[in-house]
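Report on the following structure.
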Amino acid sequence: MAGSTYGTIFKIMTWGESHGTGIGVVVDGCPAGLELGEADIQAWLDRRKPGQSKFTTARQEGDRVEILSGVFAGKTTGTPIALEVRNTDQRSHDYGNIMDVYRPGHADFTFDRKYGFRDYRGGGRSSGRETIGRVAAGAIAAKVLESLGIRIQAYTRSIGPVSISPERFDPEEMWKNRLYMPDAEAARAAEAYLEELMARRDSSGGVVECRVTGIPAGVGEPVFEKLDANLAKAILSIGAVKGFEIGDGFAAAGSTGSVNNDAFGLERGAVCKRTNHSGGTLGGISDGSDLVFRAAFKPTPSIASAQQTVNRSGEEVEIEIHGRHDPIIVPRAVVVVEAMTALTVCDLLLVSMSSRMEWIQEFFRR
Amino acid sequence: MAGSTYGTIFKIMTWGESHGTGIGVVVDGCPAGLELGEADIQAWLDRRKPGQSKFTTARQEGDRVEILSGVFAGKTTGTPIALEVRNTDQRSHDYGNIMDVYRPGHADFTFDRKYGFRDYRGGGRSSGRETIGRVAAGAIAAKVLESLGIRIQAYTRSIGPVSISPERFDPEEMWKNRLYMPDAEAARAAEAYLEELMARRDSSGGVVECRVTGIPAGVGEPVFEKLDANLAKAILSIGAVKGFEIGDGFAAAGSTGSVNNDAFGLERGAVCKRTNHSGGTLGGISDGSDLVFRAAFKPTPSIASAQQTVNRSGEEVEIEIHGRHDPIIVPRAVVVVEAMTALTVCDLLLVSMSSRMEWIQEFFRR
Amino acid sequence: MAGSTYGTIFKIMTWGESHGTGIGVVVDGCPAGLELGEADIQAWLDRRKPGQSKFTTARQEGDRVEILSGVFAGKTTGTPIALEVRNTDQRSHDYGNIMDVYRPGHADFTFDRKYGFRDYRGGGRSSGRETIGRVAAGAIAAKVLESLGIRIQAYTRSIGPVSISPERFDPEEMWKNRLYMPDAEAARAAEAYLEELMARRDSSGGVVECRVTGIPAGVGEPVFEKLDANLAKAILSIGAVKGFEIGDGFAAAGSTGSVNNDAFGLERGAVCKRTNHSGGTLGGISDGSDLVFRAAFKPTPSIASAQQTVNRSGEEVEIEIHGRHDPIIVPRAVVVVEAMTALTVCDLLLVSMSSRMEWIQEFFRR
Amino acid sequence: MAGSTYGTIFKIMTWGESHGTGIGVVVDGCPAGLELGEADIQAWLDRRKPGQSKFTTARQEGDRVEILSGVFAGKTTGTPIALEVRNTDQRSHDYGNIMDVYRPGHADFTFDRKYGFRDYRGGGRSSGRETIGRVAAGAIAAKVLESLGIRIQAYTRSIGPVSISPERFDPEEMWKNRLYMPDAEAARAAEAYLEELMARRDSSGGVVECRVTGIPAGVGEPVFEKLDANLAKAILSIGAVKGFEIGDGFAAAGSTGSVNNDAFGLERGAVCKRTNHSGGTLGGISDGSDLVFRAAFKPTPSIASAQQTVNRSGEEVEIEIHGRHDPIIVPRAVVVVEAMTALTVCDLLLVSMSSRMEWIQEFFRR
């Protein structure tokens, strides 16, 4: 049902396979008058691109984005913005050992059952390269939000058993290590852990945490279109994500009301919450505090060790997956989490403009 | 943006406030020819209704559902099915102490900021009574699924610190205790915990686990409309939910690829997974294994202890919330989780019918 | 696919069959703070209800609307507004001669082919009574628009061969005759024509014209969500409509560019069009002139004369349709055209608020 | 609100401006397994491209389509199909006389009012070149339909005052003249009329008629998603269309029930209609007869004669539009009508697969 489409007002459609001609996205519904150039988008894509450290694949791709429409004289025109990244690494590969085999942890089997066949080159549509479209579109949504004072920052919270420590949290540090961990000591421990895993041809999972600041109270629609519900869908739509929690999340399930409730208070005349166990939403609507949520990523399914599986002919076989594979997805997924967050918040924010008659009347009296 | 609407093909719109005239839902897109009577829906509503134990509110409501349209001669006609539950407990209340005060942990503040004012009676639209519409519609979706051999079963997995034990798991037991815990020993421990909390005017959170059996491989759309992403949204849209995880969920983030990957094998000629760390989806598409996921519920925010807050006049005040409030939401939420799951799976299942040209050609050759 | 749902931001879902329990609608996405009472909606329903003249059916229904949710203290709350009209005329009827026969010009055959069976009582869901839901929702949309200075007025333009004359056009007159014709002379001629048709057990078609004043320039989205394209769908969705045209419509196809182009000029400093061949849209976006469009209604298909048809057993049979049937649908459809117009314009108007970054920035700087 | 998106299951998003980098479309939701190559799409684009006769613009563009994704080994994979046509005619132009002036009959003024500014090069997004995306996507939808035995054929019915004659109707003839008129005599008269108009720097409107054969009964959803209502929106979304009618259309408004009702009969055991005044729908659902509808196109607004208008500085000015402009849009719009019809019918056809429980059960029993 058109699964590659996202959003209601600020809507995107992504396309492209790992080893096809290219990857792209069309953004339909971006407001007119936003200053936008390819550099704005490229900066986001550069954060997700491979080959940045020994823990990310060596594939050296340019991943250069081109704006094909919707921008004139340096500003968005209100019409669809088409963005495209041509694949440059299209060497012919030998897929002999995987084209007919279902790789464990991958979508090979489910795509075959759903569609009858699949583009087996590099995972086709279910490859992580699919996220290029999301990130490119997310860069635009984030720019809309920034112009309204809303900022999104995600980072690596844990890799395998290694977590950042609240005491050592240093937002500048995340830009200094390639794991995007805002804690130098944790980053070193995580590097050691990953090296050990690579030595035994294994991979690790991890957790990304994301914080949104500056979001006004009132964003999100009651019942089914809650802000946190939409964020959950946005985040779970990222390939390897297996869990989402906002505020205290699963820990809240073990807590009590007297602890978990955030008391309201006044600060310089404005209502504020004294704590933020809720993670920034009440009843699914932003409450004026920072949004804080986490995404659990499973370990990279592509590992070099031998694995038991089945092929399309219905035979049990053993498979070894060769080639370039990150032992951890998380560092490159940080920007994807930010992109999906930007797309979700931007869409719901625009919708919230029509919540009240008095706002609408004021708007059209202009 | 029409936040009370859910689904694409099997679509619902819910309505109603806690202390208004009634609560209801319209189901638009239910296939024709499903045998359906009020008893089918009432059975689901009875599971969520209050007053069933000392841990659920004493409010004795009939919550009798009426089918107003879309059913003729005992079968659905393919046109919208309107379901309605009139509120019978509409005694005039004294809302003096809460109508102008923002209850901590509730949506009072955010509704005010979004809409400028709110129906303060019993929480209005943000009350748990809103779920009546979801459950009524979910009963229909579940009946569609059952006719295809797909069954949904949720239960209480934990209450505060008390979790069920895999060794003592007994599916029959959940029907014997009012906490819907499939483990008699855990249920007793949880009861003791809740009584202690009630004594000190506090409340507890908990976790609901849900299992879907019989779902064929191939349900869910790649990229943004993944089955698990849609489930995450569906579950997070339930009032007090703060987290969602599928399969190993957050534990997968601490695992390794060699452990977390589910090997494929053959069983009586059919492809199967040897384990189910994935929780039944690969690449967001059902993989033929059971769907298994969990929802984290925060503690009931309404507690009788004194809390610090603010009123609409911008004064800091202390509030005590009187009246009937469950010390735990989870047991009554079990059926709500099932309902949202049924609505989500049913919608994506119908969509999956048009995945392949050969299926479509075969269908229209009939 | 949920065919009874309409709108994106201001969204409605209608339900109900001719001879079922009732008819209703839920409006999801109405802004908060609109003053609304049952009388606002009843006034619209009264205009479509039967039994107003000898040309409309004698069925004396109350068609009393009840607001079940979404309004508190006389104002909309921003949450779904459920409206319901219980059917009072549910006498048991003898459908013996039509329950198995496909009435020519009706949807009996197509419903049977689509759904396998149908509610044959009074046309079921395909009855004109379905429009009660549209009209009730349209009354709310129209009230939103009126508060912004936008007014919608439809009227009967022709009945069979009898058309109103531009020279005799008198807006007050339409309220004086039961045919809603703003031309007393044409109304008399049309009455005579209808009496003649009734005498020979036949029926007439006609044309409704609609005018929207006060709509600002800029409403409607380019390409697929043009204002006129949405109006065309809205109007063609009304049961008996077979054609739609805006501005000069089909006459424009016979015209030339030099005649059909509307010159721009200035009036008191504001840009205006010197003529309005376009009917108020350019490129599918409102151009500041009045919207003017027409809907062609086919003759009432229920006629008392004998007709050739087929029954469900696959036999050719002759049918005579007894009972109360208007010889003309048009006068009662005038308010339905207004309702669909209000719903369409309101939805697109709210969407247009997010067209420009500067407007969005200004809004959130508030 | 994302106006460049169309469809629910078979969904498209188009992009591109007249003189930008290119024009394209992404098709999301096309079933897997359809044989598809660039030639399938190019054949459709060639029918709309300019420079085919003296009545179409001389601009010699290749308009070569490229498939960028969603096709593997010659078949669709079920994932998004990105199609792109790079603009080859991007010579720098002098827009001095139109960049600040509102051309009568064009969307210059409304785009400015909506977005604050616009891409004035060649009409930008409101140019007829926008239809390349629709036609490319429509070619795919048509191929899906053809594999089910459903064929779509549109043609020029009238140009200005010159109409085809039912007696001389010859389907082969439309391929022989460049006006796509299936009547050689009418084509000659229309050519003479157009030459006369060109001589006096004027332009003509016209009517396109479209016929869909082989569509089974049961396609279209009651109430708001009627097949004819969706066709009306699809057709009115084409730039210059001002009217839509199905079956007898506006003529039905002047007819009587005894004439306009189509009697049912039996033919070789199957139910059929003896006439087709309805144009193939009853109650908005396909009735098994051919779909027959018409679209009224206004005259090309770009004419070389002097016209009165206003510029962005608020001055009344006179404008003369130079350059290449067809004196008639209709012949090149024939394929656009077919494309929009294919997209609409395909989407509703896929939706109709889930109308009945028995069909769904049969499908999943496979």
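Just so it is clear, A, B, C and D label the chains in written order, and each chain counts residues from 1 on its own.
Throughout what follows, a residue touches a chain if its C-beta (ideal position, glycine included) is under 8 Å from a C-beta of that chain, and two chains touch if they have at least 3 such contacts.
A quick map from chain label to UniProt name: A, B, C, D = Chorismate synthase.
Not measured: the values here are computed from a predicted model.
A.B. asks: Give me the chains shared as neighbours by subunit A (Chorismate synthase) and subunit B (Chorismate synthase).
C.D. replies: Both subunit A (Chorismate synthase) and subunit B (Chorismate synthase) are touched by C, D, going by the contact rule given at the top.
A.B. asks: For the pairs A-C and C-D, output the one whose chains share more C-beta pairs in contact.
C.D. replies: Counting C-beta pairs in contact for A-C and C-D gives the edge to C-D.
A.B. asks: Distance from the CA centroid of subunit B (Chorismate synthase) to that of subunit C (Chorismate synthase), rounded to the nearest Å?
C.D. replies: 38
A.B. asks: Express in whole angstrom the distance between the two chain centres, defined as the mean CA positions of subunit A (Chorismate synthase) and subunit C (Chorismate synthase).
C.D. replies: 45
A.B. asks: Report, in whole Å, the distance between the mean C-alpha point of subunit C (Chorismate synthase) and the mean C-alpha point of subunit D (Chorismate synthase).
C.D. replies: 26
A.B. asks: Can you list the subunit B (Chorismate synthase) residues in contact with two or more other chains?
C.D. replies: 1-5, 8-9, 14, 29, 32-33, 78-79, 111, 114-116, 125, 216, 222, 351, 354-356, 358
A.B. asks: List the residues on subunit D (Chorismate synthase) that touch subunit A (Chorismate synthase) in their complex, please.
C.D. replies: Checking each residue of subunit D (Chorismate synthase) against subunit A (Chorismate synthase) gives 1-5, 7-11, 13-17, 20-24, 26, 28-29, 32-33, 66-70, 72-73, 75, 77-82, 84, 111, 114-119, 121, 124-125.
A.B. asks: Okay, in this complex, where on subunit D (Chorismate synthase) does subunit B (Chorismate synthase) touch?
C.D. replies: Residue positions touching the partner: 8-9, 29, 31-34, 76, 78-79, 144, 147-149, 216, 222, 349-351, 353-361, 363-364.
A.B. asks: For subunit B (Chorismate synthase), which residues count as touching subunit A (Chorismate synthase) in their complex?
C.D. replies: Subunit B (Chorismate synthase) residues touching subunit A (Chorismate synthase): 1-6, 8-9, 14, 102, 104-107, 109-111, 113-116, 125-126, 130, 158, 160-161, 197, 201-207, 216-218, 220-226, 228-237, 239, 242-250, 252-266, 269, 271, 274, 277-279, 281-288, 296-303, 305, 307-310, 314, 316, 348, 351-352, 354-356, 358.
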